[in-house]
């Protein structure tokens, strides 16, 4: 990339085109700020309510995650300064970072075995994932912000989306420790109680605490989304690469298959597969993954076909580079940005599809807290005017999908800049 | 001779992230009836912006900051319930609807690239129909098509092609259609913005001849914007040279070519190849046009000017009468 | 390529695709699960019942024979028999498809009208408050699960305000219009029964607004991008310079030229529309195909699931084909 100015990021560097004046509008920023404030006030309020009324260990766990993130961040900033001052190589800095990460994580593992010998895995899961997410947020703000700001509004949209998603992931990670009641326990309060001091978000028709369910309800959905996107990515991208690079009959055949899958309304096919496979997180993820493989395939294929014709790739071919080398060195780096953008949007789709499957009764087991189930069950009691039962879980799904959509939107312009004029 | 167009102190600014650029900077111009004014200068000197400012359609994000544009309107124009009266009218005081009804009716504008200036989804006849109905909703479709055929025939395009789409025409024919559209409502003022730049030389000559004929036929007053001084030598009565958003010299075509006053005009003429004088060495103007977002004090041309004096770096020269009967903005002639 | 050969080649391309699609469904729903008959009877069932069940549905044949029968049946319009009562699935589809069709038509109409309207509004004032809020609205609609939006509308308009019914297609206390097309709104108009039309419209409004809102985001964005692009084009500026009215420019020039991508998008969104319809029908107890599919899942009626899924797939493929052909017919640049 021929930039006038190179901005060094976390693990990659971005060349910034100085003369490419990026669109930056104050009004778009206000709208973005509005969404962010809305999202974060909701997330912070939920976590705050939870911490306020939860019995034990809630604040300790949250504190632990913050401690983890701060240690990581300090290490990161220090190594970065050293690297910038030229006293250490970039690779050494990265090594320090990895060592610090492993060290702190080991400490967390040891501590959780000491403090809570009965449920160490649950504790260390919460602290590790929570801590990592917080570290990500801090680095995103400290280091990612300058890079993304260079890209104008689009970069800030991406940042906002990633922050919203991180917030929800963090809440989900520490949820077990901050919920006031066991989210699945029945009859902790009266049935269908509107929001009230004891139950800030009210209760469900089974007398479950809706606050606890809202805080914890993202677990399954996130697991399904992550799993399905990973499966999708790891099948769709190699398939697209292989088919388009080989060309010929093979390419035609795979294309035809992919087009046929693409022709179905995604949800209908997912419903059919989920109905066949039966309930369960993995099955749900597989059903969703299957439906979205063609989108990866198509994007990768069209990108490869474009890149393959570029002069420098042809030059490499002429110079006798091997196929594998061309694929890995020249073509893969070119298609990765689009694949990452697609992944981000795919997350939003996967979440919406998972929620849809849950709604038609093909979701995870009923005995886990899940926003999709809350919506589905709450729907049956809509007629009594119990707005809270659907509003909060629904809002969380919207926020999560919105976060991923914003991230995808922004990254699309940041990572795959179209040359304007 | 009566005055048709009077521009006073017109400024157009482009507000960008890098700052405010003066595309047109305090330009004043007078144009008499039935004359052709050539507007020449380098790319980016503001000549097109000036043309667009006259019809108040400065491209985004530009806007007219100040100034007066007065047009002598010869007939009463009905628009949106009101009437624009005859006589000298300041276009800056008209509202959008009044301005719209003037465009195409009193002032016609012809664009540089005929390939993209026609709506690809409309037949040629439909273009004419739209134009006429926009200015007079009572016009019947058949009448409009008849008129379109008549105009096309006058321009040497066979009338039955009226139902064809733009992509079925060649570049030269499209430009003729554009001219036909411009003149369909018999405007007084025709602004042609590099009308022949994207055409080849033979077509260019044909189009220019045709424009000249039409000008005589319809009593047109014309502003011809071009960077091609050769074209102006053949067609223009007088020429205004622009540099960095300002007019630096105005003169009759003959005297401008014979004895250019402003150093920039001299340099510009030097850099035009002349077939009749093969021994002449081509020259160029050292340096590049200034960055309009960073105005320099004094004369905008001073960094490139061979005759630069101290005053040039401090005071911006005003247009003063020159000895050839035109106007020139240069400190070389201030004292004289 | 002439229009005729384009259509022929496009149709020829569709045939293998449908074939692969049918095979895919067969593999997923018949081969992978092993024995659908056993899956159907979740608990133990006597071997005699099972044998008779298999024989009536043809599940006792070798798998390749089942496959051939399945494909051959589809050519005759036979989608197989339901596991529940051995009734032909094509009958169920025929009864329920009009409901889905009606819902999707109105939803698409709503989505396109709202999306294009907002997109035009948004593009005309670039980066204004209106533009930004419309864009934000578009992104938010993309992130809302359609059934959640449906529930919210039900809550507000049925439960709290009581303006619209929260489910079903028609008031059971009023007699239905005589079936002609199966679309109640059209049937009631054909029968001249205005009251029936109002009722069916009242029942239709919430579901189609729900589904339409979720889809309109993509039309907003598409319209906006294309309008912004087109509004910058030369022929639009040339139209303005001829004094055409703002309405003609926006709708006749810019929007008409931006309309082809929008039309293509209507075809491409058809799959998403049907997927959304499944959830919308479930939310509003709308007796359409999607609702049927969900019902069949509760009954573990795998043959019916297979039939419905196949129908959805073929439908989308054919609609895509039609849109592609229409695109070729409409664009005058292809029609040479």
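A, B and C label the chains in the order they appear, each numbered from 1.
Here is the rule we use: contacts are C-beta pairs under 8 Å (C-beta built on N, C-alpha and C of every residue); 3 or more make two chains touch, one makes a residue touch a chain.
Predicted model only: the values in this text are computed from it and were never measured.
Asks: If we define chain centres by averaging CA atoms, which chain lands farthest from chain C? Would you check?
Replies: Result for max centroid distance from chain C is chain B.
Asks: More C-beta pairs touching across which pair, A-C or B-C?
Replies: Contact tally favours A-C.
Asks: How big is the gap, in whole Å, between where the Cα atoms of chain A centre and where those of chain B centre?
Replies: 56
Asks: How many Å are there between the centre of chain A and the centre of chain C, using C-alpha atoms for each centre?
Replies: The answer is 29 Å.
Asks: Indicate the whole-number Å distance between the mean C-alpha point of chain B and the mean C-alpha point of chain C.
Replies: That pair's centroid distance is 53 Å.
Asks: Of all residues in chain A, which are in touch with two or more distinct other chains?
Replies: Counting only residues that touch two or more other chains, chain A contributes none.
Asks: Touching chain A in the complex: which residues of chain C?
Replies: Checking each residue of chain C against chain A gives 16-18, 20-21, 24-25, 28-29, 32-33, 127-129, 131-133, 135-136, 139-140, 142-148, 151-152, 154-155, 159-160, 166, 271-276, 278-279, 282-283, 290, 293-294, 297-298, 302, 305-306, 308-309, 312-313, 316-317, 320.
Asks: Please name which positions on chain C make contact with chain B in the complex.
Replies: The contact residues of chain C facing chain B are 126, 233-246, 248, 252-253, 256-257, 332-333.
Asks: Within the complex, which stretch of chain A touches chain C?
Replies: 23, 25, 27-28, 30-31, 34-35, 256-257, 259-269, 271-273, 275-276, 348, 352, 355-356, 359-362, 375, 378-379, 382-383, 385, 387, 390-391, 394, 397-399, 401-402, 404-406, 409
Asks: Which bits of chain B are touching chain C when the two form their complex?
Replies: These residues of chain B touch chain C: 55, 57, 59-60, 100-105, 108-109, 111, 113, 116-121, 130-131, 134-135, 165, 167, 178, 181-182.
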